[in-house]
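In the two complexes below, chain A is the common chain; its partner is chain B in one and chain C in the other.
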Partner chain A sequence: MSTSTIEKTVHKGNASGGGLARRQNFLTGLVGGIIFAWLFWWIARLVGDQSSRSFSDLTATSVTLGWLFGFWLGIGALNGPFRWLIGRDQTREDQLYYAGENLGVSRYWKFTTDHKVVGVQYIVMTMVLLGAGGILAMAIRTNLITPGNHFVNQQVYNSFISMHGMLMILGMIVAVAGPWANFVVPIMVGARDMAFPRLNALSLWTLVAAAALLLTTLAVGGLPVGWVILAPITNQAGVGMDFFAMAIVVFTVSTTVAGVNTLATVVKMRTKGMTFTRLPIFVWGSIIAAALGLYAFPYFLLAEVLQLMDRNFQTSFYVASGGGTGWLQANLFWMMGHPEVYVILLPAVGAIFEIAAVMSRKPVFSYKTAVGGMVALAGLSILVWAHHMFTTGWAPTLGGPFMLTTELISIPTGIFFLVLIATMWRGNVWFRLPTLWVYGFIFDFVIGGVTGIYLSDIPIDNQFHGTMFVTAHFHYVFAGSVLFGAVAALAFWYPKVTGRFLNETMGRISFGLTFIGIQVTFISMFLSGLKGMPRRYSSYSMLFEHTNFITTIGGYTIMAGMLVLLAAVITSWKHGEASGPNPWHANSLEWMVPTPVPLENFDVLPVITEDPYNFAEKVDH
Partner chain B sequence: MSQSENKKSLVGFYWTWGILTVVGVVIGLWAPGRFMPASMSGNMHLSILTIQVFTVCAAPVAAGIYAATLHNIRHDRWRGEGVPPAAEAVRGNTTLVSAWLIASSVLTVFLLVWGLGALAVDNSSTGKNPLVVDVTGQQWLWTFHYAGTDVNTTQLVLPENREVQFRITSDDVTHGFWIAQMAVQVDANAGVFTEIHTTPDKLGTFDIRCTQFCGLNHSSMVTTGEVVSPQNFQKWLTSQPATI
Partner chain C sequence: MSLDDTISTHSEGHDHGHHEAPEVVDSRERFGVWLFIAGDMVTLGAIWFTYLYMRGTNTDGHWMSMLGYQGHSYAWYENALNSSAGLPAATTIHVGPMSAGLIWLVALVVAVSAGIIWWAEKLLRESKNAKAFSNIALLGTVVVLLAVILSIVQLRHIPSIFVANNDSQVMAYTGYSSAMMMIIGVSMVHFIILAFLGLGLAIRSARGAITGEKWFQARLVRIFWVWVAISTLVTTLLTVMVNKL
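And now, the complex of A and B:
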């Protein structure tokens, strides 16, 4: 690993030296979190009014706050600001320590500021979230394999569907942007790190804190309310609801911090000559999603803060008997919820464009149209939220306008297909692992997109809303498209992270199983929906027997595919075929730096003279 | 044929496009009737018709994308050793982009015009002597009150060919009132009434299923109702015990 000359002169090799702060890691974070959670619990019980009907909610909310602060303190997230406060700001030596220099593998367990470490941590977090969501999916599908099966008890089943939804959504939000906006975007734009390295670590570990709260929900009474956590049924849930609401508040902090960081990095830290039209297209996908996330997630935060106030302080934002309405919650949720679809989708689309161009040895077709399409989609996405509420009875006269904005989304979505196919058309398409997942993305996204058109139409939505048709539609978008984009990105950039290829054979087996599994699972789920099976049912009429059985078999197939992928990721990390620094012979900057990437990425910051898609004059490294 | 000649021949692409379009259209026209519940109202006819129209519009687009992708996989796949050489750099094509934008906009506008028209028809009411039914959802049961009578029942019986107005509310959490054969759906919210209307046009039983997650026994909140002739409806209504 090479280090810059500045580091060599300043750094005196002291990884062993210096106080308690240097012993902090995930474990001390965990201990700190638990101690503070207990402390806050104890205080809440001491000062709280035990006769109040909010007593248990207040206690639970205190515990979650204690957990967050304790975890932050324990892992060292607050060291930097604290040192600054007492007038002893961190030295460069400290900063290099926190960047993980010479810490080896242990840096992955610490509050490490190096964007590449954070990227790897995000890969692991994505796999944890999607893995947990996947296990719940398997439990749900097993329960639904026959009409009256009770593999899990009904209350637990109801918690599982909510938790499956939330874990998968959170996992999808970070699946592409988390690992790759952190690992490769700073290098792609020619920066030595993210604009705010400490905030970068903060976003990751805050996500860990949020995920812990979310998973704890299952242990404290669960979340038997459905994943859209619609009020007023939330008022019937126990303290699991408080844990969940706080998990979302904490998660929003994490995404906001991450989004600001990505945007600031790309806007302010591009190297000389890296104009906006020379940015690799994945960077565009990342920053548009980051900006959209900054708009969208505060609604979710607000929705859950109001929820917490209703529960803890007896306000009645969502309580009809107190003058509130569940429609307020539904509006806030979907004002977040629809833009969030594109926060999830756009980084995947950007990655797919990037991979398609490199693998077919052609520039991205009509780069500006592609960027324009992404911007248009992001813009439209904030105007369509009420199509999730066509059948709620809220504002029927707005049905027409929301139908209009929703159907307009077809146009920018169509641009994506044009750009993607025209990019690969008459290219010399290199059939490696990432390419397969790109084709899988195209196949599934057509189905996900076309079925969305039906749902945008109110007379049809009156029939399909709340049925398995909707479930199948958005699973084609998320599991079929975004997941495929995420795996394509993983296969594409894995060599940059590890210096090794993701095992091609296992990757292909995984692709085959997952691709077939997705079609079997969700086409049969469409049929369940057409036949009239509502969502979120734990048992169902004999009418839906066959299609559900097929769906469950398909679900198991997806699981098999994902397990093979997991095995490939783990085994290739140490034993994969060596790849060299630029295995795909691409031109963007992340491939120009050595692998493993040095701590500060570049010895000398490069100067850019053209976009990275000129493969004809490519210089091999 | 050499690879470069192969790349230029689009005959296969057009054939695939055509065949896939036909397949899509056939499936789109056939599947609703095969899989969806038998229609018992104008709203349901309209939904099915709209699904078919949209499928006919979407089929050529989806088929075109699939045909192009298949063509790409077949003809543009690099079969040589090692890293493929650079392909001819095409950085844009104003005609193609414009044509694509215009075509997708025209299609979208058509879907929109159709959709808004269908919505107007869907919402239209004859206004003539409608039967008003107050529907109340509670965990996990629907009750129906026939306006102007003292009849409160858990069984929904409707007369054929007479407009029914449902006024829907909830005693507790939000429920979703949906008649699977009539394509009408709206939530039951505590504290407010929501309204839908439809005209049953076929005798027989229909399914009411809750479409909004409502707690422990959400999946048991299903019941059937029946459309009967107007004479039988009057008989049934008068035979019901009056309840408060």
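And now, the complex of A and C:
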């Protein structure tokens, strides 16, 4: 302990010589981004586009590129590559500085490499994305509370629909993997940081840049095309579409970098004795999702690059009159789209397994089957994409095979239920906040999963496609299941981040509101769908009046639940009940280190001799 | 002085800090490079899918022509504007495949640059001559920059059609031209990354950051370089051999 004090003094003494690079933070990033966005706009006008419109596709795309470059430059993301280029690598002292040593709270606003700081930054980003998506959801539901209610005009409504979808999808992609694959996975495997700490900071701040572009879309004409952004309607949309497409390009860079990092950390940085069968199961969920993301997101990247080329360079990828086809976009989008659902789901499932085992004081039931189920789910997910295109007329002869592969999905997901229930069965279940959200997950995931099997069936899909039934189905999967997994993970690991429990009472109130809200919202939405109400409509027939009113009330209830959760997160951060380093009496490594976790986690790297689920000791609770 | 000594002794005793063996760091970084290559492979697969899908569907016969479309070739249109005769009657316009020679040349140049980098790495590991390595890496960089320039030439020669409708006059690209623009563009981005990495190798070895003993980064760059060369070659095979309907 005394040594670390000496070390700190030594580093403080040297840190003054850092110069400009050490002053960089979010604000300089913002300034750099705005300056370069303006500069690129000016250049684009000068060389390419002298049309009367000040904001054409070309200038808009240039602005987005300028923003990304300037933001990276301003926040310091390009310092590492530049220093590599000129052969001036960071010293050990530099590394400690950029890891946030002695920086206090300001390290959360900087290009900080410490995985725990990045984890906390991801918590905030998740809340920003889900919060923005949630506000739009409230606007949409308010618009739909009565049949002819014009709370927002139709064009804005269309934008809100797409933006709600995209913000929520991106928020869900990072909701579990972002905070926890960063904060706890390196500690779980016995590493001092991620494999590539600078890439870790890069993935986070690139996500910030992407989120900024995505939100700006609303200010430059919106995205009135639906969240699946199907061509050719996207070719007719305004410059908001350029902002959106570039936001996705930037986002895929962020997730690819993050996925590579997670995989390399777990494969290459496990401590002595940490074999693959001794990994906490959450680690498995994280790396399988990371590998699947590495497969899925290149399709999204390409789909949006082609979109940008069509709009900026008059190519014809999605334009039938030039030799292209909208089916190309649909294929690329869904080749990404279905695997992406499991990129979202698997970290949540991994966390739920982890929490269920610890809170039941039992090992994960049939650990290897659970891992096998996750691998099988990932493998199957790349062979099912065309089930989103059953009604489009694309390759009808492939309908049968795609229906079969989709129905096979129910086997690995069935295994998940088996593992979960058998893990908790006759366990000494500790009924605390994380456990509650695990129960919610199980309940909602049954409904989300079973309705998915309906939809995989082509005759039924022909009836339900494009109706609110589909919307209700995937909301049971995302809002009902993944969100509950994310909150369970938050409640479970919150004490490791803050040293305090998430307020139990507020957490339970939040659970009650959210759980009831989900059922009210989406069961009534199923009914609207069964009666034939189409998705994405801003006003509807009197036939759907009552179910929509109920759905809106349910939606408000979910929002109330989330606001209570937000209040709990904020108030407990400083004033929550102190938890100590291992409040759940768990055995995995993240609970063995002190709280707050010191920089570089371990003084001496641990040696592992058994799996983390050997709960021999009796715990009083 | 004595203070520093105490700390370093203490640090070693407690295994504190990033005092990892270079082999350990290298093994991790090599794994990372392979993962990025895996992601790049998926992207390449998606590009192949796009190319073949556009050729396969050949929507409205527009893979390489604007069959039945009221259009003019761009040069023709410019001439017509400059003469007093006015716009000639619209005809169906066919665009041929791009120069196979030029496409092969780019692939060849990149393959040569990959060979140079590989040779440089071999030399560094065997003869430990960082100075020679720096020069050869610079040569590889110059060669790959040539590929960038050739790509720009290619982009300027992508066949386009000037479509003059009743209400709009736009430059348009057929399915084939669109796909070629994408492939050449994506390749060029890869070549630029290679040029950055090659320049880094040259400067770093000149400054002593890469030496006969510290040669791991030369191998990392070479692995990625060779992958780019291979992916360029196989994509060249595709676009040269499979382009007509």
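Note that the second predicted complex is superposed on the first by the 593 of 621 C-alpha atoms of A that agree within 3 Å, B and C clash if a C-alpha of one lies under 4 Å from a C-alpha of the other, contacts with A are read in each partner's own complex, and residues count from 1 in each chain.
We adopt the following convention: a contact is a pair of C-beta atoms (placed from the backbone, for glycine too) under 8 Å apart; a residue touches a chain by one contact, two chains touch by 3 or more.
The structure presented is a predicted model; accordingly, all values stated were derived computationally and were not measured.
Using the contact criterion defined above for the overlaid structures, shared-chain residue A:494 touches neither chain B nor chain C, since it reaches no partner.
Touch criterion not met for A:402: it reaches neither chain B nor chain C.
In the superposition on chain A, A:327 makes contact with both chain B and chain C. Of the two partners chain B and chain C, more chain A residues are in touch with B.
Once chain A of one complex is fitted onto chain A of the other, the partner contacts of A:335 are limited to chain C, with no touch recorded for chain B.
Of the two partner chains placed by superposition, A:385 touches none, neither chain B nor chain C. In the superposition on chain A, A:544 makes contact with neither chain B nor chain C.
Contacts of chain A with chain B, set against its contacts with chain C after fitting on chain A, overlap at residues 320-321, 325, 327. Chain A meets chain C in the complex at residues 3, 6-7, 10, 81, 84-89, 92, 95, 192, 195-196, 256, 259-261, 263-264, 267-269, 294-295, 297-299, 301-302, 305-306, 309-310, 313-317, 320-325, 327-328, 331-332, 335, 600, 603-605.
On the chain A side of its complex with chain B, the touching residues are 154-155, 158, 224-226, 228, 230, 232-233, 236, 320-321, 325-327, 360-363, 365-369, 391-393, 396, 399-400, 403-404, 407-408, 410-411, 414-415, 417-418, 421-422, 424-431, 439, 442-443, 446-447, 450, 453-454, 456-460, 462-463, 465-467, 527, 530-532, 534-541, 585, 613-616, 618. The part of chain B that touches chain A in the complex is made up of residues 7, 31-32, 35-37, 43-44, 46-47, 50-51, 54, 58, 61-62, 65-66, 68-69, 72-73, 76-78, 83-93, 96-97, 100-101, 104-105, 107-108, 111-112, 115-116, 118-119, 121-123, 168, 172-174, 176, 178, 180, 183-187, 189-192, 194-195, 207, 209-220, 222. Contact residues of chain C toward chain A in the complex are 3-4, 6-7, 10, 14-18, 27-29, 31-32, 35-36, 38-40, 42-43, 45-47, 49-50, 53-54, 57-60, 62-63, 69, 160, 170-179, 181-182, 185-186, 196, 199-200, 203-204, 206-210.
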